[in-house]
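First the structure, in the form of structure tokens, and then the observations on it.
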Amino acid sequence: MLKTEELQINIGPQHPSTHGVFRLMATVDGETVVHLEPVFGYLHRNHEQLGEIWTYLQTITITDRLDYFNSMINEHGYCMTVEKLASIEVPERAEYIRVIMSELSRILNHAAAIGFWLQDMGSWGTTLMFGFRQREMIMDIFESVGGSRMMCNYMRFGGVARDLTPNLVEQINLFLEGFPQFIDDFERLMMENEILLARSRNVGVLPKELAAAYSVTGPVIRGSGIPYDIRRAEPYSIYDRFAFDIPVGSVGDVYDRFLVRMEEMRQSHRILRQAMEQLPQASGSYINQAYKAASKQQGLRLPAGEAYCRVESPKGELGYYIVSNGGNSAYRYGIRAPSLINLTALNDMCRGYTVADIVVILGSIDIVMGEVDR
Amino acid sequence: MPLLNQGELRALLERELPGALDPTRPVNRYGNVEATHQLEVEDQASDTMGDTSPPPATGDAAAERQADVVDKEEPSVPPLSQDDAVVRAERLPDVAAFLRDRLGYDYLSRVTAVDYPAYGLIEVVYHFYRIEGGPGQIVRVRVPRDNAVIPSITPMWPGANLEERVCYDLFGVHFPGHPYHKRIYMWDEFEGHPMRKDFEKIGDSYYHFKWKGEGGEE
Amino acid sequence: MRAMWEFFFGVGWLATLTSYLTITTAILVAGSLVMMLLTWIERRGLGYMQDRKGPNRVGPFGLFQPIAEAIKTITKEDITPTDADRWVHFLAPVVILASTVAAFAVIPWGNLIPVDINVGVLYIVAVSAVHTVGILMAGWASNNKFALLGGMRGVAQAISYEIPQVLSLVSIVMLVGSMSVVDVIQNQMDPYGNILSWHIFTPVGLLSFIVFWIASLAEGERPPFDNPEAESELVAGYMTEYGGMKFAVLFLANYLTNFAICAVTAGVFLGGGNGPGSDIPILGTLLSVFYFLAKSLGLFFVMVWIRGVVPRLRIDELMHFAWKFLLPLALVNIFSTSLWIAIIRWGAEQGMGIAEALGAPGSIARIAVAWVVTAIINVVAFFLVARLNATRGVTTYQATPTAV
Amino acid sequence: MTATPEQTTATQTALQPVGGGGVVVVERKQPGQSYGQGIAKGMAVVIRHFAKSFTSRIDDKSDQAGMFTVEYPEERMELPEAYRNMPVLLYDDKTGQELCTSCFQCERICPPKVIHITQAKDPNTGKAVPAAEEFIIEYDSCMSCGLCHEICPFDAIKMDHFYELSTHDHLAMDQNKAALDRPISYYQAIAPNLWAAVEANAMKKLQNNVKRRPGNIGVAPHMIGKTQKALPTAAAAGAGAAAAARPKTPVAAIGKNMSPEKVARLEAIRAAKRGGATMPGESEIVAPSPVASGESGLHVAESQAGLAPSPATTPAPATGPVAAVGQSMSDEKKARLEAIRAAKRAQGGGQ
């Protein structure tokens, strides 16, 4: 028998398609993957300790930097946890604005994620450019609302920092009008592409029972056929007022996750339509008036105790765990990062496939290193 | 499967798995907790009775925080929660299996370690949920700070793999039985566990860089 | 060309030498100018396809961008990785470029024919085989795992796509009767110059065009077959460890191969160089060069267009595609070409008595019958092979789930 | 691709949502029937985009194809009002009085701790005056989060719309008051509605603050000479003359809660500025005219030009010898830094 020896390849930390500084030590026999060992820590900045040094208001600014694609959803989760502990009541209009911003952020994330995933697969940026165009339009909305495109720092305890001006509402409606045409265009470009089917069908399969054990969440678990979405499992904020479906895959391979993300963009559009119609017009109630002044937010002191709140971020279940000692900053500030937990299943999904598939499977999990390394 | 609140869970555990629950003596705000392993840990050593001063957060950052947050009196230590199921460390895998197989909590969301130097212990909090939805269950394990050892549940729940490594790396909680018991964020030769309250903070080294960067030789 | 120089020098061998030199410099200069045009088309075209402008800062419409790039790559530091195989690392780009440029000797630019050897088509295919050796040398000598993988992939892909490429040319050579590229183009020249006489418009020619085009996409490492230099997984494949001058040579070779492919396709299938008015003495040659370039650059735009749409094929799917889809089609095409020739040209003495009934060789009736017969065979073969491939599909791996 | 809504396993019943909608199994494309139409469809989409990008531009949010590029230096996206990039201080156009009363709120809330304020002192009585003597923001580590903008009770510090900040010198990024000042009209130009909302309150507070500011204390440095309205208080003339000359040695302010490191850090920055202070042209920085944000040159760019020794000109004197001292450095580090700083100053002085 021909004596062959396995090759140890280092994919990352500086590699075109590891979505950030993430290193995979792959042992490869020819082109087939034998074992994968992820190495973390290149972007570790001890985010959780910052949350313990700074006050609650100051920590909002760093929650944007966790999953820097969805700063709105990170803030939404964090503010909800603090409000739950301090039992601050959030007015109606503020809840609607938060849901609108979160769903816009979900569309932004999925459009970009599918673009990156196809870029990893080799299509030279066409889908990425189309996805980024949608992302640009949404970021313009975030810029005029929050003040900056990615690090919005927009939500406060008890509501949001700034109200939606009429022309902003009109901007959002305009975007929603053009969005379905984008999705059809996107699907016609990629959905039946034979090469995409060949590259993604039955690749990186995560069977249903294993998905639950690996406690992966988001499109990865829904791709494997388990309808687990926190907006439906434990409805937070006002998600129980909207009618939307949970897309679910059947085989659990990379192709299913791609389809689930496309369908989720449609559902987010559906939620946004309903939210824009039901948006209450009460002018001042974009924030709980008792906490309107910034000094009130800065001086906020939470009663001793702890709270754990979960939010459905496009990457999975984003959880904030705050233990407070009655002081002005958290005693323990912990984050459940969906990208990190989803990576546990990476080795199991990639074994047996080729080097080219590792990159595609990693792209289908859609990780962001800001969240993984915290 | 009926939804349980913490009280019912504790009662159920008491009945089904005798000896699993941690015999927690009534803990006052700064009282100690009997060590879970019945090791001969003298009560006095971890007894911070009467010592109401905050955990000595060394390093300039603490002074920094003092100076900055004007109206903040010294940080007290949060009380340990009583009503959740506090489990003995070595019985954790059984309790986890019980929760999953008998009570249907088949999804482990979060494994967090919280450091309480004032009580001399580290509390590891497990959040279990159901895939079908609904509120979850919290299981706590309290281990002494100096040798924090909790049997790993990764063989049963592969999802806890990376979370346990984070607890090990940042808090120093050992998980025997973990398939890959190594540091996750820090490089392997790093000593100490950064997220512990008594880890010496070296402050913001950015200014050194800024000063060194301008051609100043160190 | 030789007569002109003889007038100057009056010495036989010196004149021949100079004429060869002028022709080769002409080809090299024209080749690299066209290469620059190709990079410009690629970047601008891809840009506009993606709703963005391509390079438009350097010169009008970004036309000087390739020049800026050339200067940049040439002035970059030219490093050889430590304990790499120095000489092989140095020679690899030379081998790749040499094999590409050699192919231009035979390609006629419209009516300007560098040299007309009677085994033109065979020469092109033979020379482009050397290209594979260069890739392997580059991959092996760079002492880098990604480069090694890229090199291996490059060789596997190049070999398995040469066979359908050659076989598809065989059917054209059978059609034309001679292997010289000039004769192939001549055969497509219709007395009254309409374009229906191009090879691509016969069912036989169409199928061989499809097979040849897909196979040469793989030969020139164009997406969807750019595995050897797969950006997203192998960083830059066999080109990873090349910088500065050597990378410029590799880059030039890559684009010259693509241009050679488009030129050969334009020549063999689209009647390179002949179009309305290309037979007038002086103006005709100019027109024919224009037609030739228009067709080649048009085909290159199709390459860029495909690049904007399709993702990359995995290396094993790529192999399946070559051996199980293109090869059978090429063989079927050869069979249907033989039928085409038999029906149109053969008479009683070759045992095709019944064809006599349809009229003289080359008559309209015969062509019509040949059309119908070959069209049916080719279409049926296409769908049959596609169906066979689909049902048995690509073998899939089933990973064994264990804890990490 | 319409997804067919259908209930799958029994688990869905527990998931019955109040708002409606169920679980949808995404429809997978059956393999085998396609002979390249998928790729053909994709190519049709791409060529349509290719054609349209010649003819039309994407202007509003609803059209989906057409040229999307904004050619940056020539064409610029106009920034929304709430856009925030770097904090700046406001002063009244007419009187030149700065709104800032150095209440230290912004210094306290700033997460990366980059704002350093020293309270102004009345030269003759030594009492604290509601104005800022020195207001330094280290632009290179400010993350423009806008918390200072929100917490300032006097609307003195606002977020600017200026993003062309690139420089290769960390020291130049320590923006002192002269570089930070912007007239209110400038802020009104870039954020009319935001300013309108807070104007009444801000101007009222400014009035009663100005009353308690003797002489030119609260006036923006470059506006000292040009204030049209003579100051009502009699002492203005005397104090004005004294303050007109650039304050030679800034009085060491005793901040309300200055931690030792903070004092050391301030000292270092002041030393750096003193090193830079002798630069010609640094002090006569004309306040930018209230014109669209694009043109308003940030002082760092102009003063930066003065400071940064361009190779062509004669070797300009060394830029500021030392940067901010480590915010929380242990003592021996400070001692060592002190020694090296002295050495640097000697080397700098000798040139």
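Lettered A, B, C and D in written order, each chain numbered from 1.
The criterion applied here is as follows: a residue touches a chain if its C-beta (ideal position, glycine included) is under 8 Å from a C-beta of that chain, and two chains touch if they have at least 3 such contacts.
Please read all numbers here as calculations on a predicted model, not as lab measurements.
Inter-chain contacts peak for the pair A-D. The central chain of the assembly on a C-alpha centroid basis is A.
Among the remaining chains, C is positioned farthest from chain D, on the basis of C-alpha centroids.
Note: centroid distance chain B to chain C, computed from Cα atoms, is 65 Å. Chain A and chain D have centres, each the mean of its CA atoms, that are 30 Å apart.
Separating the centre of chain C from that of chain D, both taken as means of CA atoms, is a distance of 57 Å. The set of chain A residues touching two or more other chains comprises 126, 133, 189, 193, 195-196, 201, 210, 232-233, 344, 348. Multi-chain contact residues of chain D (touching two or more other chains) are listed as 11, 15, 31, 39, 42, 45-46, 58, 65, 68.
For chain C, residues touching at least two other chains, in rising order: 49-52, 308-310, 404. Across the complex, chain D meets chain A through its residues 1, 3, 5, 8, 11-12, 15, 17-29, 31, 34, 36-39, 41-42, 44-46, 58, 60-65, 68, 79-85, 105, 109, 111, 143-147, 150-151, 153, 159, 193. Residues of chain C touching chain D in their complex: 45, 48-53, 305-306, 308-310, 382-383, 386-387, 390-391, 393. Contact residues of chain B toward chain A in the complex are 61, 65, 69, 71-72, 75-79, 81, 106-110, 112, 114-115, 125, 127, 129-135, 138, 157-163, 170, 183-187, 194-195. Across the complex, chain A meets chain B through its residues 40-41, 44, 46, 48-49, 53, 55, 210, 212-216, 226, 228, 232-234, 299, 304-306, 308, 310, 317, 319, 321, 323-329, 331-332, 334, 336, 340-341, 343-345, 348, 373-374. Residues of chain A touching chain D in their complex: 54, 57-58, 61-62, 126, 133, 136-137, 140, 143-148, 151, 153, 161-162, 165, 171, 174-175, 177-178, 181-182, 185, 187-197, 201, 225, 227, 232-233, 235, 239-251, 255-256, 259-260, 262-263, 266-267, 294-295, 298.
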